[in-house]
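Below: one structure, written as structure tokens.
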Amino acid sequence: MKEITYINPVLLIAVPLALAFIIPILKFVWEKSIKWIPVAGFLFDLIVSITLIPIVLQKNIIVKIGGTTTPFSINLVVGPAGLLLSIMISLAGFLVAIYALKYIQEGDKTKYHILFMLLLTGAIGVVLTGDIFNLFVFFEVLCISSYALVGYLGNRAGIESSIKYLIQGSIGSSLLLVGIGLIYGQYGTLNMADLAAQIKTADSISLFVPMFFMITGLGIEAAIFPLNSWLPDAHSSAPSSISAVLSGIAIEVGLYAMMRILFTIFAAESFMGFLLFLGVITLLIGEMSAFSQNNIKRMLAYSSIGQIGLIVFAFSIATASGLSGGFFQMISHTLNKALLFLATGFMIYRTGSMEISSFRGLGKKMPLTALFFTIGTFSIIGLPPFVGFASKFLIFKAALAKQELLFIILIAVIILTTVIEGAYFFRIIQTLYFKESDDKSSKQESAITALIPMFIFALLILILGIYPNWIMKFIHSAASELLNKMSYLRSVLG
Amino acid sequence: MILFYMMIFAFVGAFLIYFAGKSFPRIKEILAVVISFLLFLFVALLYGKDFQINYHNFLGFHLFLRINMFSWLFALTITFLGFLSIIFSLSYMKDKKNNAFYYMNMLFVNIAMLGIVLAGDLISFFIFWEIMSWSTFLLISYKKGSALPASMKYIIMSIIGSLSMLIGILYLYDLTDTTIISQLSHIIRFINKGDVIFVVILFSIAFGIKNAVIPFHNWLPPAHSEAPSPFSAILSGILIKMGVYGFLLLFYVIIGLDIIFHLTGLTIVLNVLAAITIIFPTFLAILQNDAKRLLAWSTVAQAGYIFMGITYGTELSVAGGIFHFLNHAIFKALMFLAVGAIEYRTKGIRDLNSLGGFIKKMPFTFAAMLIGAMGLIGLPLTNGFVSKWLIYKTLILNGSPFLAFAALIGTWGTILYSYKLIHNIFLGQLPAKFENIQKAPFSMKMPMMILSTIIIFFGILPGIPLQFINKIIVSFGYHPLNVSLFGIVSDSGNLNIINILAATFVIGVLIVLFFRSGRKSVRVDQYDNYAAGSFIPKEKYSYTNSFYAPLDRFLNSFLKDYIDIFYCKSAALIRHFCNGIRKIYTGYVGSYVMYILLFLAVLIFVQLNWSVF
Amino acid sequence: MDFLYNYIYYIGAFGLILIGLYILLVKHNLIKMIIGLSILETGVNLFIITLGYLDNGTAPIFSKENLESNMMVDPVPQALVLTAIVIGLAVLALALSLAIRLYDSFKTLNLKKIKEQKW
Amino acid sequence: MNILLMILSAIISLVTGMFFLGLARKIMAMIHWRYGPPIYQPLIDVIRYFHQRAVSHGFIFDLGIIISLIGSLLVVFFLPLGNISSFSNSGGLLVILYILILSPLGLALSSGESANPNASIGISRKLILTLSYEFVLIIILLSLMSQYQTISLQEIVMLQARKVWSFASWKLILPGIAYLLILPAMLGFRPFEIAGASQEISAGPSVEFGGKYLALNTINHGLLHFITIALFVNLFLGGGDLFGIFDSISGTFWGSFVSLIIFLIKMILIFVISVFINAVFPRLRLEQATKYILYYPLSIAIVGLIIVVAIN
């Protein structure tokens, strides 16, 4: 068999990690350059990830570290699903890093950039790893850097949210570790494929208890309904660039890890019915809580909860089209929410307030920022021709393809939440464009380095909304990889 | 591909207007007029064509554009009214800031509606439907202030509707494996009745909301009255008729005659809804004191006529429904434009109680309004007469006198509110503050003139539009009507406009001659009135105020928009509930920890005890 | 007694975990909660160690000729715990430094009184 | 031929209308124990008005009254007078219903422009009153049209004429009664003399009319009396038919003549009854009148329609 040469995916993790630790050294050498390090790192990741696409579409890339044969070595499994997320992460990382060039003005910038890189490196590690303990470790890298970044501004809200997030997150990781321990105690392996091979179906209670521990642990990071109390605080108190990454990437990575464990390791079909409800409840609670918010970032944070609920719902349909819908919704949520938070960041910077009512007349003062914000909201509500429509469309289609009354009822609930979502987002649009502000100061657009990433996000939203077919093949293979446990096993264990 | 290029051209044009408007303010108006006129021309040139093209592939769905007689008629109406209202906007929008945004959205709405009627499959139908919804939202919000809650109402209703339609489309797709309209119409007969009814209900919510059928009408009055007037004309004239188009498409093209009227009870329910939609809004319109709100309620009522026509399901009624759509588009647009002209000259006053006597100041607008009102009432020799006649006739002859009663009494209500509108704006005393009101500018007069002419033209020669409509109903599977140039021939009562025209003309000439032969009268001032010796106060009060006071007293006690009140109450309730829900995020970490542990504990407990999973 | 003898480490580990959770659930003082977290993590670590622990087992190094692999302690959990301890330390350090900042801002460590971020 | 018939029916209606106006005054005078004016007095008045100077308030002031008269005359062509009918084939009852609108609308436009408060009040009252009796009238017409399954008035009259008596179908008795009950309101007689209340609002809509305007208004008034009663006679009293006695000569000139005479006699009878009612009742207030119409005649008419529909 002819070997295809490709860049080693380990670099996806290694390069940003190395760069992250170069930053403090560089600080003494050339301080001005440090803010470009994340840009370079994630641009590298983005390019590498994209070049890997054609290879991954044919077969998964397995990278073994630490020698020996598969179950006993630490390995990376770069499948379509993982690569898809890693592209999303590096894309978001790259664009948000550009945004941060001007946006991050206060505090110790060195620390910001280190933590930012660590956060996303952790995220890439989580999606690419093939080993549950490594998953835990990367997860902790992600979590700890996000605890710190939430409190980065050092103001009252940031510190408070950060400590609350830390407490809940630590409990989550402890529970995850307990779950990993329980699994290891039974099967003596940490390799996901090996575990999956040993666990044919999840039936005994001894499997369910670790599963529950792991779900709860990951669920905290994935912000599923009763476990998501940290999210509104953390996302609203962090700097907007970090909120964008947390909302667009961190929780989705948590969700991905959870789904990977559920689908690949446990193959817990019967649990999906429960997750279906959990997803819808998460959606409902998130959107309802967002409905009467006056703080824009809190509103966006609650909306993220809602979106996560929708993604959980889509994954829990547990069909190929459902999973495709879920992945597509992940992509669309990353783009939308990142765009919204980025636009909001400069709007808050401009008005000095997070109250929605203070955004009056910003449509005139910051026309482009307001326009991008509007595109983001339209997309997140699911209006064509934006990407949010395509993803919601896929989810509805997948749910209705089940042809069960239950799904029709759940979809009715989802419609209700979309209506609520529309209500609060359109209210902001009205505030931006159709309410006169008292302040008559002149036009002052966001910084150009902020507008470029926003523009790219908006462009992607529009293009993917009109031509969703371009990524459908990739998404389909991601969905089938996640759904089809056996092929995953075969690709890893050989 | 010409259709596709046309749409692309239009969208690009709309953007061009926006960006050109930023740098060259003059160009955007010219561009808007030219583009809308070209669209009208394109569509007009497509007459008689019948084809469909695949233009895009969206998530595995093939998207089509198609044109045939049915969509051509709607497309022509859309582009025509779009063109006229953009001309009207030239002066209406002249001194408003940010009108590039307005023109762009105006074109967006028109293109989206064009897309709806040209859509050859349900997915592109839905996509254009949604584009229409949000661009309409932006336009309704345009005037700020009280327009904001109105547009919120609109967009929320609209989202509900479009989502339920989306579910309907996907449900249908699951059953038939296609969304292409021409294929659906063949496959649909293999589906069982229950599914068809379910789909019809889902679609009916969407179309009913757009068409403002009664339990879904409440967005319309505020939206119509708060939108800029040229857009109100579009909104009332064609945008809500997209619901009509949808119903026609669903009932007659997709599902087909032989199935839809064998669904038990469905048509009865729809007809009763239509009757209610005629009566209540009519009487609510009488109570209104805001000119545009009055017209808005009238729109709801007239939409009820159209809905009645298309759901009653005989060839006469369907033809009448489509014809009434066309007519209503024309005369209601005309009336909104006339009110817009008043609003423009009075700097935004449209309160009927404070206007009056404008006939001396704006005679042309008065004439337009009068002709529009005559069409609305349906007086013979105007277009509204023929379409209403068709609907009444079939209702009576097919044994639905109660529906006919609703329709006929609705007409009398129409007289009352139309007269109130005319009287309170144009007749009666001219308040002193309006002494210096100017005539409407030419760019406002021109669309009004064209529309007025069409009203009379169609009223005298109903055969011309009816021939197109005949082709449409034949394509639905009906027998063609026996249409002559001046009316309709059938065995149970003919309609012949030429008789009426001739008689009117002769009598008119005779009476005028007779009248002129009398002693010449003297023009007097408006205050030179007979008051049985008493003094007529000036400026003290306006007796256009509460014109139908006795009726108001009588109706006000029980006639309210209960449905709107109900919706508003439930919205408030939901808001309250939502506010309560977020209280679970207490802010205390201990409780959050408790949630986490409870979640874990419940999962384990449930599995241990009942082995659910 | 046999049960207790066999499972004493597990009982101890889960006892610690439960104590940690109890503290997190009940205590309002941030420092106490951080202590709770620490206990929780210790419990988890102990639990994982126990998984690979063998009574009288030797280190998993083939230092003598006659060593069988089933007499060795499983090395993997120990590696895991080492990592976990490091992570725990990082979290603890971060938590404590945040606690200092929190006290600077709010002049209290009672989390019941620090509820600005809610709803 | 048709044109001749048209002219003929126009003349008949104009003359009868004038005659009705005179008759009403005469009968009222006799009830009051006066001599009263001669029966041709309205005609004299019209001629006299015509030569008097009038004030005009504007173009619509002129146009409205002309429209009003056109509307009234048009309706006449659609009404079969005995066997004479000119436009029976142009849309039927529905067209009549619609052209009936023209007359009050024209009047309302005309007096609306006069800017006289009394006129505005009068129109408002008239329209409201019309709305309320129109409820009843529509139901009555619908009962007939449902009964005979046609919208042509001519056919209804013919179908009824074939029966022995005009109330041939007992199902139509209730609608007939309802029509009788609203007849005074349609004629504008007391107790429904609300719009043109001369003592209260100076004859309401026609307050500003003088000279030739008043002349046209008077003619119009007469015509409206004629139309209202002719419609009733056509719908319920078999038109120009009397127990079928003259069936043998139908189709001939004499047959038409006799039927016209019978038609007119029936009309006069009904009119006289209405005038009696006018004489003995006081004027109601608008609310009272509306309530009355919406309670009694409306419920009778609805019951009638239900019966018709149920049996068909």
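Things to note:
Per-chain numbering from 1; labels A, B, C and D assigned in written order.
Just so we're on the same page, a contact is a pair of C-beta atoms (placed from the backbone, for glycine too) under 8 Å apart; a residue touches a chain by one contact, two chains touch by 3 or more.
Computed from a prediction, not measured in an experiment: that's the story for all the values here.
More inter-chain C-beta contacts link the pair A-C than the other of A-C and B-C.
When chain centres are set by their Cα atoms, the one at the greatest distance from chain C is D. Centres computed as Cα averages put chain A at a distance of 28 Å from chain C.
Centres computed as Cα averages put chain B at a distance of 68 Å from chain C. Chain B and chain D, compared by their mean Cα positions, are separated by 37 Å.
Work out the mean CA point of chain C and of chain D, and you get 100 Å between them.
Shared interface positions of chain C, defined as residues touching 2 or more other chains, are 21, 24, 33, 111, 116-119. For chain B, the set of residues touching two or more other chains reads 582, 585, 589, 593. Annotation for chain A: residues touching 2 or more other chains are 164, 167, 171, 232, 289. Remark: chain C residues 17, 20-21, 24, 30, 33, 37, 40-41, 44, 47-48, 51, 74, 76-77, 80, 83-84, 87, 90-91, 94-95, 98-99, 101-102, 105-106, 111, 114, 116-119 touch chain A in the complex.
Against chain C, in their complex, chain A makes its touches with residues 133, 137, 140, 144, 147-148, 151, 154-157, 159-164, 166-167, 170-171, 173-174, 177-178, 180-181, 184-185, 188, 190, 232-233, 236-237, 289. Interface of chain A with chain B (complex): residues 164, 167-168, 171-172, 175, 202, 205, 208-209, 212-213, 215-216, 219-220, 226-227, 229-230, 232, 268, 270-271, 274, 285, 288-289, 291-293, 302, 364, 378, 381, 383-385, 389-390, 393-394, 396-397, 400-401, 403, 408, 411, 415, 418-420, 422-423, 426-427, 429-430, 433-436, 468-469, 472.
The touching residues of chain B, counted against chain A in their complex, run 57-60, 98, 126-127, 130-131, 133-134, 137-138, 141-142, 144, 147-148, 151-152, 155-156, 159-160, 163-164, 166-167, 170-171, 173-174, 574-575, 577-579, 581-582, 584-585, 589, 591-593, 595-596, 598-600, 603-604, 607-608, 611-613. On the chain B side of its complex with chain D, the touching residues are 357, 359-360, 363, 366, 370, 377-380, 385, 389, 392-393, 396-397, 399, 401-402, 404-405, 408-409, 411-413, 415-416, 419, 422-423, 427-430, 487, 492-497, 499-500, 503-504, 507-508, 511-512, 515, 518-519, 521-524, 526-532, 536, 543-544, 547-551, 553-554.
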